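What follows is a group of structures, each given as structure tokens.
Both complexes shown next keep subunit A, but they swap its partner, so subunit B is in the first and subunit C is in the second.
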Partner chain A sequence: MKQYLYIEMDNCIGCRSCLAACTQCGGHDQRNRNYVYDVNPLVDRQTIPLMCLHCVNPACARSCPAQAIQITAEGAVLSALVEKCIGCQNCTIACPYGIPKFDEAQNLMYKCDLCYDRTKEGIPPMCASVCPTNTLQWVTEDELSMKKEQHRLGKWMSSREPFDPLEGETNVKISLPGILQGKQKLF
Partner chain B sequence: MLKDEFFRTIANKQHPNEALVPTHCSYCGMQCGMNLRVDKSTNKIIGVEPRYDWPVTLGKMCPKGVTAYQQTNHDDRLLRPLIRDNPQLKGTKDGFREASWEEAYELIVRKFQGLQSQYGKDSLSVFSGVSMTNEKCYLTGKFARVALQTRYIDYNGRFCMSSAAAGFMRTFGVDRGSTLPWTDLHQTDCLFIAGSNTAECHPTSMFRVWEVQNRGGYLIVADPRETPLARRADIHLDLRPGTDLALANCMVNLLIQNGYADKEFVSAHTNGFDEMAEVVKAFTPEYTSEITGVAVEKLIRAAEIYGKAPEAIVMFARGIEQQQKGTDNVSGYTNMCLVTGKIGRPKSGVATFTGQGNGQGGREHGQKADALPGYRKITNPKHVEEVCKVWGIKPEEMPQPGVSAYEMFELMLNKTIRGMYLLCSNPAVSAPNQHTVRAALKELDFMVCSDLYLSESCEFADVVLPTTSWSEDEGTVTNLEGRIIKINKAQEPLGESKPDWQIHVELAERLGRGQYFSHLKTAREVADEFRLASKGGYADYYGATWDKIDKQDGVFWPCKSEEDPGTPYMFLDKKFYHGDGKALLCALPYRPPAEEPCGEYPLRLTTGRVVYHYLSGNQTRRIPFLNDMCPEPYVEVHPETAEQYGIEHEEVVRLYTRRGEVFYKVKLTQAIRPDTVFVPYHFGHDLSINLLTIAALDPISRMPEFKVCAAQIDKATEKSSRRSQ
Partner chain C sequence: MDRAFASKFAKMMFLTISGLFILMFIGSRFFTHIDMALYGYMVGTFVFIAGFFYRFIAWAERPPAKLILTKGLKLLLRRSTPQTTAEHLVTYQFIWHRGWYRWTQHVLLGWGCILSALVTFPLVFGWMYFTMDENGYYTVVGFGLDLMKIQADGILAFLFFNALNITAFMVIGGVCMALYRRLKDMQARAEQSFVYDFLPLYLLLFISLTGLLLTFNNIFLHGFGHPVVTVIHQWSVIITLIYLPFGKLAHIPFRPMSVLARNYREHYGEQAMKACKVCGTGFVSEEQSKDVIAVLKQNDIEFQMKEGFHLAELCLPCRRKYRMSRFAGVATHQVKVKEANQNAKG
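What follows is the complex of A and B.
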């Protein structure tokens, strides 16, 4: 049964338990791979997690000259393979969300792998497991449809795509690193 | 849609060459389920896994819970007893040397016996805590009364749960923190939460809180700050600190005026309605708005929502309880449930968010100045007789009641108390009016402190005993629901550390009282004696065997026999615990906080927690992740107020009250009332906000008024901020 990481930003209380738990996955070298931001730090207590969105056609993987970033059959975009990563950091520049992190000492990119060693066994990722507020949830297709239905009940739409309020597809196009590669020098 | 059943089916992640030990968190009253990862080759705790099948928390943990395991093998752990020979160094970390247990015990016994022979039995005191198992809490009470034979024992619950306890006792005749299981929270139609920063202090309640709104239910929050909980409330009653009783009386008044009172319930199951109604009558929305600063429309709407809700739960925490009228606030808000009859059934009732891990169990079994196991009273001859039978002493040997935690410090200053045995608590950070508390600790002729780290309070001790962490011993804890649960041992004690119950037994033997203690060789043996000692009391644990706890996912007290499954719901039969079976609707005239703002001190100072720290921070400040997230205290100030004072974000300011001054960085936020400032209390030494708090005690619960006093802010001059360094 395919399950999804589902994020309900409204619920976030900024406890950063998802970050603490990320270090505990086992395959994560005790380093957290995601982010929590204060939206209006001097105004209110609204916070939001920024997790890897595991893009369908991920910029990080597309930008990798060494094919070090694998995408699993389930769609999890993995951390760079140690043996392939050349440390060029294309991925960290390419990702529009700023997800991949870079370890200078190891010359290696690392990022959220959706706790693949867990999720492939049907165990939810650590962040969604511990999240005390259900900001991060691990849900089935059916549950996703229910969430969509719930959105449709609203009088107003927060999304520009009212019939697919949970999608993250964007209208902005982002250039991968390397646009100047073919540019002929002037002299 | 909480998918409780789904969570039960999730397998635990298995790591090679590791074992998982199911247990609960070491910190707050939520007691979240967790699995500790133990390396099979070193037999050491190395990590944590979610415990998906724990029905209360479904695997969820806050950042404290996730990192709790890092306490056990922490570099700061005390591994051997420490002795300080030079009392001049009291109040510092210096001068300690390692010693053997025998040497430490010998010194303690010699000093304790010396003080008692010179100044009487009551010259010694025990100051305890409730971040430990029921077994340890129980034995601490017995140790004080039977081994030391002193009347002076009290505990840090006096700074935490004592107002809730006293309020519930007065209203219901029994004090169980929640009248219903936490698994009911998300099924109710309205949560009325007063004085609880639930999102930061009990984060794993939050998925149930948000689920109430997901289902279309209402969330009403009373808090001076727009906490992460209040941010999403349907109604945020942004009251001035210290004005809760007016708000509660107003709610009850509006419920009565607008026909939401359940007259049948009131007449059949309560006393005191007329007197109470007479008092609340004055609390019109307009008058209440003047006192509390909350808009009239919000007051009216809040009462309407609570009144209309088919099912509703009133909840509160330290915000309303840590006031010198905390007991009245508890009874006042509880009146809402009783007037409307929304209690004694599933999905409706009242609950307090228990602060400490065993704040519930630890207050029931005889660590309190006037309490004996099973929530018995030391002033009740029948109760004394029952406990004496279990302990094997004569009733005339039972010491008199003592005094409350803060009052013990006053007795140290006047030399009534000359020795102290401090365990599981860090009053040199957590007690109010620190100047007095620290002076009192220095005044002691001899002090023993038992802790797993060298806490700020250890700095005043002559002998420090290394105790185990929660993960190196087993026993029971009673969570915030009143559910007795089992803490399991995941590794052997580090170094020479010992569990507190064992220290009690070994010290008692050396004090010549071994006949009452020597039979207790394991935690389970302490548990068996403790169950027996609680038998027949209000908080009857007799039937809560460890096997039953395992089998049933915990046992709710009272649980009177082996056959009794326990009591998840209180008052289902609408029988309260007063003699006539009725609850008391308390008539509670309003009184302002002990210190109202004035020209010299125009601001209201309130204190509380952040999500990254627990209590005095003795544990959490040592955990790298948590300390990185919140390394130092700060003062939250509204931008309007900051503008008046000409201070900026992150600027260091002098915050002062009639008791002292502290220097903090300013954190600007619109999420606080402009007339109020907030400081988290988890920090020690010069950074402790309790240098400023007031020791005004509730007349019934003896709870200090941590939550409000009058304060003022100055721009810190170069001279003044240097003084703080």
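What follows is the complex of A and C.
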């Protein structure tokens, strides 16, 4: 059964649990691969988590000269294969969201791999399993379509129109903050 | 000249095989010292070369690979090339930074294989052989020239004749370390597959074990079974050679690309840095930013924003903040505040 990482942006309280949990994933080497950003830092405390959105047509992989970035059958865009990555950093320049990180000493790119050791078994990724406010959720297709239904199908999701918050289709699904929806949202 | 050949592949194959043939002719003193027992390896090498060119040319045609390859080759004579080459291809310094275990494993595997190749192929092509003019002394002949005289029971001779035994132990050690890591490491366990990750290790292990078995047969069984084991060993080496360009082991011939990539980054970084279209900090060379935009365009990916910039023209923090603005409608990237702490260690 295909499951998705789903981001309910409204809910984020900026606790950074997702960053801490990311460091604990197998193979992540104690370093986090995701971000939490202040939306309007001098005005309010709204934060939004940002992680690899696992594009269906990932620019990072398309720009990699060494074919080091593999895409799994489930749609997860994996971190660079260590034996293939040649350290050119094309992927960091190509990614529309600025996600891949680069370790100069190891000459290696590393990025969110959707905790592939967990998600391929249907276990939520580290970030989603610790999120205290349900900002990050690991949902089934049915649950996703229910959420879409709640949001009046597509209007406030990452659909192309009228707002187009993403560059192309992604395997991570998002729900935009309520500010854009023009109404209060309860979680 | 190009019209003489049906394809790039045909041209490269013809030139390489001809070159190898000429080198064999000179190196083996006009074909007088070809070891016919190693004939199978020679044919295997020719097939390997065909496979390698097929794979390499197909791969080098991809837009990003082509860019780094052509630009990197032009910069090959940079002053930093010898040092970069040594760090990337000899000492594996970058793997050291990934951990001592992986470095040790890789040195054993990598240098075990490279040294084995350096011993095997000169023997196969007749570039190196031993003659005995004087009783008790071997003359080492390299490329038709008498290089040195060594005592037949001396330490040098021991190392020469046992070189492949020593490298076999290195490879076995490396394979064992790699297998242990693949059984224990959680990320490796999640991503690995039998054919991609384990098969090359088992092939190397099989080659090393059958190679050692040859020595065992000679010393302890007075040569019993040697003719059979030598064919099995030869078969395993040839299979591995032919498979090499198509699986995980392809990273061996492709690895020099990392030197080209480093040169490319260093050279164009010195020329001009690209200033982020939002905050103005230089984050990558102008050339690379331009190249990535071109490569993405060839893949039908356009990240041209209505604000007037391409996303590859923003530094990474600004690109992430710009995404916030697309999510929330607040121009986060225009707020002149350093990004908040993104380090989970607090």
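Note that the second predicted complex is superposed on the first by the 152 of 187 C-alpha atoms of A that agree within 3 Å, B and C clash if a C-alpha of one lies under 4 Å from a C-alpha of the other, contacts with A are read in each partner's own complex, and residues count from 1 in each chain.
Note that a contact is a pair of C-beta atoms (placed from the backbone, for glycine too) under 8 Å apart; a residue touches a chain by one contact, two chains touch by 3 or more.
Computed from a prediction, not measured in an experiment: that's the story for all the values here.
In the superposition on chain A, A:G26 contacts both subunit B and subunit C. Using the contact criterion defined above for the overlaid structures, shared-chain residue A:Q46 touches subunit B and also reaches subunit C.
In the overlay built on the shared chain, the residue A:P132 is in contact with subunit B alone; subunit C does not reach it. Of the two partner chains placed by superposition, only subunit B is touched by A:N11; subunit C is not. By the touch criterion stated above, A:E83 is placed in contact with subunit C alone, subunit B being left untouched.
Of the two partner chains, subunit C is the only one touched by A:I93; subunit B is not. Which of subunit B and subunit C touches more residues of subunit A is settled by the count: it is C.
Once the two complexes are overlaid on the shared chain, A:V56 sits clear of subunit B and of subunit C alike. In the superposition on chain A, A:E143 makes contact with subunit B only, while subunit C stays out of contact range.
Comparing the two complexes, residues 16, 19-20, 23, 26, 41-42, 46, 117-118 of subunit A contact subunit B in one case and subunit C in the other. Here subunit C touches subunit A in the complex through residues 59, 62, 64-65, 67-69, 88, 94-95, 97-98, 185-191, 248, 251, 254-255, 257-258, 260-262, 264-265, 284, 288-289, 291-292, 295-296, 299, 301, 303, 311-312, 314, 316-321, 323-324, 326-330, 332, 335, 337, 339-345, going by the rule given at the top.
Against subunit C, in their complex, subunit A makes its touches with residues 9, 16, 19-20, 22-23, 25-28, 32, 35-42, 46, 48, 50, 57, 59, 62-67, 70, 78, 82-84, 86-90, 92-99, 103, 105-108, 113, 116-118, 120, 164-168, 174, 176-177, 179-180.
Residue ranges on subunit B touching subunit A, taken from their complex, read 1, 10-13, 15, 47-50, 52, 59-63, 65-67, 199-200, 203-207, 210-211, 226-229, 231-232, 611-612, 625, 629, 639, 649, 668-671. Looking at the complex, you find that subunit A touches subunit B at residues 10-11, 13-17, 19-21, 23-24, 26, 41-47, 117-118, 121-124, 126, 129-134, 143, 146.
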